[in-house]
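One structure is given here, and the rest of the page talks about it.
Labels A, B, C and D are assigned to the chains in the order they are written; within every chain, residues are numbered from 1.
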Amino acid sequence: MTTISKTSVPMHEDHIISVRSARKYFPVQEGWMRRVKGYVKAVDDITFDIRKGETFGLVGESGSGKSSIARLILRAYDLTGGEILFRRADGSVIDVSTLSDRDLRDIRREMQMIFQDPYSSLNPRMTLLDLVGEPLVIHGVGSQGEIRDRVAELLRLVGLRPEYLTRYPHAFSGGQRQRIGIARALALNPSFIAADEAVSALDVSVAAQNINLMQDLQEKFGLTYLFITHDLGMVEHISDRIGVMYLGRLMEVGPTDEMFAKPLHPYTEALLAAVPQPDPRGNRARKRVPLKGEIADAMNIPTGCPFHPRCAYADAKCRGEVPELRVVKSGRQVRCHHAETLDLIGVAAE
Amino acid sequence: MTDIHTLSPETLLSPPLAPKEEFNADASYTAKPRTLIWWRFRKHKLAVVSLAFMVILGLLALFADFMSPYGPNTINRLNTFAPPNVVRVIHDGALHRPFVYPLKRTRDPETARVLYQEDRTKVLPVEFFVRGETYALLGLVETNLHFFGVNDRRQQINLLGTDSLGRDLFTRLLYGARVTLSAGLIGVAFSFVLGLALGAISGYYGGWLDAMIQRLMEFIRSIPTIPLWMGLAAALPIAWDPLFVYVLITIILSLIGWTHLARVVRGRFLSLKSEDYVLAARLAGASEYRIVTRHMLPAMTSYIIAALTLAIPEMILGETALSFLGLGLRPPVVSWGVLLQDAQNLRTISLAPWLLAPGIAVVLVVLAFNFIGDGLRDAADPYGQ
Amino acid sequence: MSETITKSLSPMPQERLLQLDNVGVHFPTRDGLVKAVNGVSYHVNKGEVLGIVGESGSGKSVTARSIMRLQPKYAINASGTIRYRCKSGEELLINEQDRLGRTMRNLRGNEIGMIFQEPMTALSPVHTIGTQIMRTVMLHRNVSKAEARARAIELLTKVQMPRPNDIVDRFPHHLSGGMRQRAMIALALACDPALLIADEPTTALDVTTEAQILELLKRLQDEMNMAIVFITHNFGVVADIADRVAVMYLGRVVETGTVDEIFYEPKHPYTQALLQSIPRLGRSHGRRLRTIAGMVPDPFNVPTGCSFHPRCMHAVGGICDVQTPEDVVFASGQRARCHFAGQDRQAEAAQ
Amino acid sequence: MLSYIARRLLWAIPTLVFVSFISFVIIQLPPGDFVTAYAAQLRNSGDYITEAQEALLRAEWGLNDPLLVQYWRWISNIVLHGDFGRSLEWNAAVSDLIWERLGLTLAISTLSMVFTWLIAIPVGVYSATRQYSVFDYLFTVFGFLGKGIPDFLLALILMWITFVWLNMDVGGLVSPQFEGQPWDLAKIGNMLSHIWIPLVVLATGGAAGLIRVMRANMLDELRKPYVETAYAQGFGERTVVWRYPVRVALNPFISTVGWALPALFSGDVITAVVLNLPTTGPLLLQALKMQDMYLAGSFILILSVFTVIGTVLSDILLALSDPRIRFS
């Protein structure tokens, strides 16, 4: 197994994931013989790290490429370019994007995913025992009896009765199914879990239950989460650090508190301003100016800064030059030419 | 549904009136997918009746030699175009064991045609387990036992009448069912193999392979079915062994039918490929083989079975039509299409309308398969809304 | 006939546009009768935005559809009255009308407009935006085709559609989600309705587009002095747009009040619990979310007494699980359907 | 749009080449060839030709050439000269034999298709909007029966019924006494008394299937939110149903319009044999049985060409009627 990819700077020892200049272009095919007529740059030059034991939040509008990143890290897609480093439990570092199929299987014990749709992510034709036990069976962990015990334990862990082993998913509500998905993801004791819109499909009261469960599990097992969502309230609640995506690029990365209190990128500011708060007086006091226009077509990304057509602060430089993601203050990165000069408004912490 | 009890601290302070946890053991929660499909299928009354009908017909066809009173090619010159016998239970106003009236033959002085009339004075009781022609049951046991018949050497029981050579139509119908039904099943099996293979490749791998297969299917669909069948069937030399011709005919039928199946299979594969649970299995480290066999195939089987069931009647209709036209199976093979050849001519039909009986059988079987297919299709996804 | 019934009801106040009293809508299904809406009462005054919030299965959409008489044919209107004040000033008993009759048809699209959750599928895919608006205008107003087209362009301009002259001839699939929702709004406003029913109009949209649509609705509501019934499951959205709020749970309105009352002085334990379970920007980082125990019961087994009692931290045995609570009306006009609404022990717990 | 049509038409060319090749291969499939059959025919009439003469004939007609050469000769004659070759059995140019019959086939097919549509669309819409009503059940039963009864059986039964009850033989296009007579009112009247059977047979088979398709499409469409939107605009039920969902539900229908024609051609073959109509069907059957290769091959080719044209036509119609398809 390759320990370290040839080009890269060594990984910081606190980091568990290091995404470096990752790119994913999907070909757009057309016509009768599937001619490629262009590329959708779902992920373009993305670089960020996730620290061990933290929750890294990824926010952005639909089509910003946030789900693709999770799938790239887990190698559900192959990278078009760049590399993704992962620190294994034994401390060795591997490049996920170049792993062979056999090594990949091995690595999947350590990284798992929780899906958005609790209905389509569980095979309706399998019992809980088969569903939650499948990763164990695949990796040949234990005898049948041991697997059964382990599944029962996992179910108990996520707050489901072990007697449910023989049931099929259709016997459960959306929130419960999401817990089954969590139990399945935990089966092999992973160190890293990507949660893709894990609570977006649930009702408010149930979402809160599951978020609490995820936090408890993180504490208990020292898990690292990549938490992907479009809900800024939720991402603020759960994340230690946050990345903001727009049109396949990271616009800003930083610690949650600092970023939300004082964003560095106009897009972050606009996103925060757009969130309607359950606070009528606050809403009336806040003069909200909605962001104009809509996210561009991913096949036709604007030149220069991709956000410039919607940005209130854009000038000629923004139209012409693509800004780099750069460190502005310690721990904060931003992809904006004018980050230093802008004085942007966030949400005041209470 | 069921109750939740979380390990979150605040729910340790559970609401004062929260219901005591009860283990709600609804049978449907633990029922296997197959069971759920069967429960749903059961609600489709017509389909269930049709299924029963087909099972009975299948058994009749399988044991045709035992169930029929005569041999399929036994000629009786004295009994041509005999009308069907009616099985009765009342004789002279009194209840009687099942019987038929014997037929009296007279000759029309002008047309010299034989006319039949029931002789109401005599009774010909229907006997069970009678001795008759010798045959090999299932090709194994040599016997001459027949399920029913009459003990009279001069009289016959012809439930559906006889044809121009005096052969018993009921007997021939049962033997014909063997050929016609099996032609449908074998034809579907051929197109299933083709359709499944190409549809799966197309849907699973996608890309240019998919594009190629799609184009191929378009080509095949641009060929008018019946003329093509006719052309291919006409190309089969008369001299060939009837059994061989039979296999070739089913292959010809399936050549057209597979495109529909391939489309169904491809569509299922495409939609399943994008299901989250398939990705979930992949992320759990499942091999391609496991993903296909454990996750994709089980989810498609019920759809494929429904599509197959709906394809069988097409094959049966195809065989019947070809044989009817004289391009498919030929005598001495007995199939429903071959039997219907006798009913091509208006004069014959008006003389012996019972010769259309195989046509009725075709209609019933086609309808039955359609109903079963409909029922299966409705039940195929027991987890849908 | 409708007159005699109207007489037995006390007339609506002049400023009242719409009033629902004890409305019940049931659906017979294979597994039993679903009481989707079970005695809902609320009202909307002229030019006011009433927000209706609730989790899935609370019956908020079904109630809104019964205002338009748009429920499926097999729905049973089990109880209650729906009254609407027409532009002429007359009171109309909507629940007495034939769902396909002339009166309802005149009301729909003309006096009451409606916009839906899925802008992707709520517009006809085979007609241009212009055609769809023009047809509605020509249905309710005696205008020529050219006038209707001019009106369509005017409406598209009004909803701030970019390039209205071009969009008018486009098909819905050419537009983005936000633009489709704008087209939908233009369609609903075609005949200057006095009431707009908006059923989760921003749920399928991104936050930034949602903010645009909310701003647009607020501005249009102001300009046209139109009343809006705004249905959503998002408390933030309701806080942003509504003047008054009705909170629904399991086919009932559990609490109504002004938006400030609901958000700052909720009286019903369900409202209180729900508000605490929402993460808020700038407030909740690192804190644990409060949750509501259990989950929404399935509609076939609605709990007895107060339907919230199995999940309520303040439920009292012998009362909450037996008696169906009535509205407790507060001096301000706020109402809560709870046996103990406004009583101390509950206020404490809410802290 | 234009480029779409152009692409679609271009695509039809390889399809046509493929189809014509298949047709040619099919007619070459039977063992022996034209000369073998010719010699056999001569022997039957008491005449004979020597092996040398046979070889000479083979050389003259180029039957020893490779398949591709023969194919090229056959197809180039058709394309360049409109020459479909000669029929052995009829001893006449194929083109003389088929055009009149093709015309009649086309007339019967078109008429029955019009009937099919006139029946199927309103009935399908009715069944969907009044789901589970008495008439919906009746139409469903009709649909199943229509699907279950083979065309030829229906034709036989209708013929038999008219023969028994009206004592009329409705086989053939006209009664025997009119055959070869010039067309006059009496003959046309006689033809009308015959032609209804093939029309009923073909239209029943087609309508039964289409009713079910239309009903299913409509049920899908009626559930879509845009129907609710239309109601919310204040349109009456009839307007809503016919203007919106019917318009969308017809799209898959339109895509079958081009298919319907060749399908009817195909269906017509068997019906026409039973009813003894002077259309293409019986001639094709006869040609196939007699291994009359050029005649049979030309038939299959022409029918296939109709199918390909029909498909192209459908695709273009579909693109015109459904704006969503145009640019994809």
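Rule of thumb we're sticking to: contacts are C-beta pairs under 8 Å (C-beta built on N, C-alpha and C of every residue); 3 or more make two chains touch, one makes a residue touch a chain.
Just so we're clear, the structure is a prediction, and the values are computed from it rather than from any experiment.
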item: Identifier of the chain whose CA centre is least distant from the whole-structure CA centre; value: B
item: Pair joined by more contacting C-beta pairs (B-C or A-C); value: A-C
item: Centre-of-Cα separation between chain D and chain C, whole angstrom; value: 55
item: Geometric centre distance via CA averages, chain C-chain A, whole Å; value: 34
item: Where chain B and chain D are represented by their mean Cα positions, the distance between them in whole Å; value: 27
item: Touching two or more other chains - residues of chain C; value: 288, 290-291, 295
item: Contacts with two or more other chains, residues of chain A listed in rising order; value: 32, 173, 175-176, 209, 212
item: Chain C - residues contacting chain D, complex; value: 68, 70, 100, 105-110, 113-114, 116, 118, 121-127, 135-136, 139-140, 171, 173, 184, 187-188, 190
item: Complex contacts: residues of chain A adjacent to chain C; value: 61-62, 173, 175-176, 203-209, 211-212, 215, 230-234, 236-237, 256-257, 260-261, 270-281, 283, 288, 290-292, 294-295, 346-350
item: Touching residues (chain side chain C, partner chain B) in the complex; value: 288, 290-291, 293-295, 298, 309-317, 320-321
item: Residues of chain C touching chain A in the complex; value: 55-56, 176, 178-179, 206-212, 214-215, 233-242, 259-260, 263-264, 273-275, 277-292, 295-296
item: Contact set on chain D toward chain B in their complex; value: 15, 18-19, 22-23, 26-27, 29-31, 144-145, 147-153, 156-157, 159-160, 163-164, 169, 171, 262-263, 265-267, 269-270, 273-274, 284-285, 288-289, 291, 296, 299-300, 303-304, 306-308, 311
